[in-house]
Amino acid sequence: MDKVYKNAADALEGLTFDGMTIMAGGFGLCGIPENLITALRDSGAKDLTVISNNAGVDDFGLGFLLQTRQIKKMISSYVGENKTFETQYLSGELDLEFNPQGTLAERIRAGGAGIPGFYTKTGVGTLIAEGKEEKEFGGESYIMETGLVADLSLIKAWKGDTEGNLMFRKTARNFNPMMATAGTVTVVEVEELVKVGELDPDCIHTPGIYIQRIIKAKHEKRIEQRTIRQRGED
Amino acid sequence: MDKVYKNAADALEGLTFDGMTIMAGGFGLCGIPENLITALRDSGAKDLTVISNNAGVDDFGLGFLLQTRQIKKMISSYVGENKTFETQYLSGELDLEFNPQGTLAERIRAGGAGIPGFYTKTGVGTLIAEGKEEKEFGGESYIMETGLVADLSLIKAWKGDTEGNLMFRKTARNFNPMMATAGTVTVVEVEELVKVGELDPDCIHTPGIYIQRIIKAKHEKRIEQRTIRQRGED
Amino acid sequence: MPWTREEMAKHASREFQDGFYVNLGIGIPTLVANYIPDGVDVTLQSENGMLGMGPFPTEDEVDADLINAGKQTITELRRTSYFSSADSFAMIRGGHIDLSILGAMEVSEEGDLANWMIPGKMVKGMGGAMDLVAGVKRVVVIMDHNAKSGAAKLLKNCVLPLTGVKVVDRIITDLGVFDIDDSGMRLTELAPDVTVEEVKQRTEAAFKVADDLIKN
Amino acid sequence: MPWTREEMAKHASREFQDGFYVNLGIGIPTLVANYIPDGVDVTLQSENGMLGMGPFPTEDEVDADLINAGKQTITELRRTSYFSSADSFAMIRGGHIDLSILGAMEVSEEGDLANWMIPGKMVKGMGGAMDLVAGVKRVVVIMDHNAKSGAAKLLKNCVLPLTGVKVVDRIITDLGVFDIDDSGMRLTELAPDVTVEEVKQRTEAAFKVADDLIKN
């Protein structure tokens, strides 16, 4: 089983279709599958439901798919950095489902773990609870949230081996590991593609079972908020 | 905040009481907190409810606490290797709650993650489902299982730093990471106690926030089934 | 002539497809790993937290921190990864394992499985069996066709407490191979010199005989 | 004289206890990290998957893979560990974080918090705020006592959509400090030259005045 593909376009070959649900890893622009997002745009697939914590910025990441109007609906926790998004949302072209960030993360984990529903205190008594089943445990109220899965998960890792074993780097891990488990097919782009056996088996974040296709790619890694201290400052 | 204690007895000082609920890590005898279990026995605390995948063997691990009749109830998935257990169970001295192994693991994770209940397909239509709420998702039946927490979690890691950051080794990881999150207090014994900064921050399995006390200890690491192949065999 | 344990295991090895992730139960199922066909790459999962299980260790390779779900010492491979029990069963429950091969005490004609408990005897526990049959994509049972007493083990309904309901896809016994789907149980293959008549006599479950029944 | 932003932050830093794990929101709450008292060891969590957040990087330390929940570049410390968003919110939801300090648009006298949405305006999303207020052991709000319009922000009931119900334990405004528990809201401290009368005029919520009210 060869999981290694030549490039992002190859890696998405045969996997995309109109109306599909896609998960895209990353937090802000950190740890996003830059190359696979571009390839998804180029595939032309439209009416997409995209599950991603954020919506990119106007000219990078998921912003590309907003520009081309390929996204029909976003499931996110925060979309504040994207004017294209705002315009399309306010005009009614784009549907939006907000999830508290931890609820979103857990729904994705649950989807990958075969858990169709779970209870959380997050959002009880707020708009988020509307229409959701409520249950008491130990005298406290909780709401039920459901598991999320996708037809295709696009994720970004630091190192990967040819079996699909992955390691993420620093806060670029974020949503990527759970999304890897929740896609019917999961495609990953890595900075370094290594031979099997080169990753420490105790340090593998995502076992290869979750990865169907892998590419090595170059990453721009754009920074949203470049905050600096002067040398000597604390 | 100094989390490092001199030995197992010191590390349990003030934490034990009759009737308490304890989680003990390990799978079989692999990755069990050998020294903390002995110290728990020596503490004399009785009427314990112990949550542990297995019950040790007659003369090692949780078997010690069965010999002294300190355990009132076990929550486990498999207890096949312990005659003391069998005797006490059949005589009605010992209460037993079986959980499917994956359900047990997930209940512990849920307990640590603030999730009081979740749905699983495991056990639907079996004895395990009796008395549990059943719900349909997508036309299939699931049962609700609840989160588990403990007054005290005893776990065993490979390396730990003085902040309580931990790494486990190979299959000795098993139930230890989830139990670390589900104890009101969690005490860990490690083979190597290292300085802060010596563990790779991308490879830490359990962040120090979950650990209140840590000791360095020696481990017998008894093997239950020593299966060997001859050199040259596949 | 009924199949031997090894022949049953060899038969079960046909289930392996290239790239499969597989969980093998204790006993005869473990033997199936000896018959992975050439050119077929299979990764074995052990539910105590390991993907990529290697063979038993040589004397000097023995490592107390490295055991399988049967608590036997084993080895790792170059592809191996380790994870917690929660992550391991997330993998199983989430439907990521392609195939589980396991033993059974009883199987019903609808695919109910009983393999963990005999009332009145000391119960050891179900371990991960309930999770495996509920979560794994395809469940294959290997077992003797009859109990030592001669009693049928392929039943209309299981008598013993269940491990899972409608979970078994295929049963390989010493007498033959049975497939189960929504239309019921179907005999698809016979061991050498075994007749349909003999199978019927030794089986309580109702089953059809496949049009293309294979006689070995 | 009402407190400045820095004075409010400094005041909030009294919340820190040795060994605390703390999550700080964006804005004034971030400033609180500058006032960690000597001898008090506090570990900062960032909900995008990091425990042990360090200061902003120098120019040559900038790393695109290392940002906080405000998407700002930051640094790691020797104690730092990284984890997924699911693990991060398991930590938050599970009650393992001792303290969260965050901003607010409105707080009710029962401790309801609104800080994520103004109807009619483009909504950016709640991010991790709902999870933090639901899960963290102690929630402290820092905010201006009144809106720019002069409108009260400490209300009988929040007008804006809620982030959480009965979640706020303490409010630090430029005018003083309020504690909330089951018995209601209580003014415990006043900024210099601020009178109880002034606070009452600028507050819609009903509050008691603590017997041991501290006047600065």
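The letters A, B, C and D name the chains in turn, as written, and every chain counts its residues from 1.
Everything below uses one rule, namely that contacts are C-beta pairs under 8 Å (C-beta built on N, C-alpha and C of every residue); 3 or more make two chains touch, one makes a residue touch a chain.
Quick caveat: nothing in here was measured; it's all calculated off a predicted structure.
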item	value
Contact-graph separation of subunit C and subunit D, given in steps at minimum	2
Centroid-based (C-alpha) most distant chain relative to subunit C	D
Pair exhibiting more inter-chain C-beta contacts, B-C or A-C	B-C
Whole-Å gap between the CA centroids of subunit A and subunit B	32
Between subunit A and subunit D, centroid-to-centroid distance (C-alpha), Å	28
Gap in Å, rounded to a whole number, between the CA centres of subunit C and subunit A	36
Sites on subunit A at which at least two other chains make contact	106, 109, 113-115, 120-121, 168-170, 173, 201-202
Touching two or more other chains - residue numbers and ranges from subunit D	76, 82-83, 89-90, 92-93, 135
Chain contact topology (line, ring, star, complete or other)	other
Interchain contacts, given as pairs of chains that touch	A-B, A-C, A-D, B-C, B-D
Residue ranges of subunit D touching subunit A (in the complex, touch as defined)	34, 46-50, 55-59, 62-68, 70-74, 76, 82-86, 88-90, 92-93, 112, 117, 122-131, 134-135, 161-165
Touching residues on subunit A, where the partner in the complex is subunit D	27-31, 53, 76-81, 86, 89-90, 98, 100-106, 108-109, 120-128, 158, 168-178, 205, 221-231, 233-234
Residues of subunit C that touch subunit A when the two form their complex	18-19, 21, 41, 43, 45, 51-52, 76, 78-83, 89-97, 135
Parts of subunit A lying in touch with subunit C, wherever the complex brings them together	1, 109, 111-115, 161, 163, 165, 181, 196-197, 199, 201-202, 204, 207-210
In the complex, subunit A residues that touch subunit B	106, 110, 113-121, 135, 137-138, 140, 142, 146, 167-170, 173, 200-203
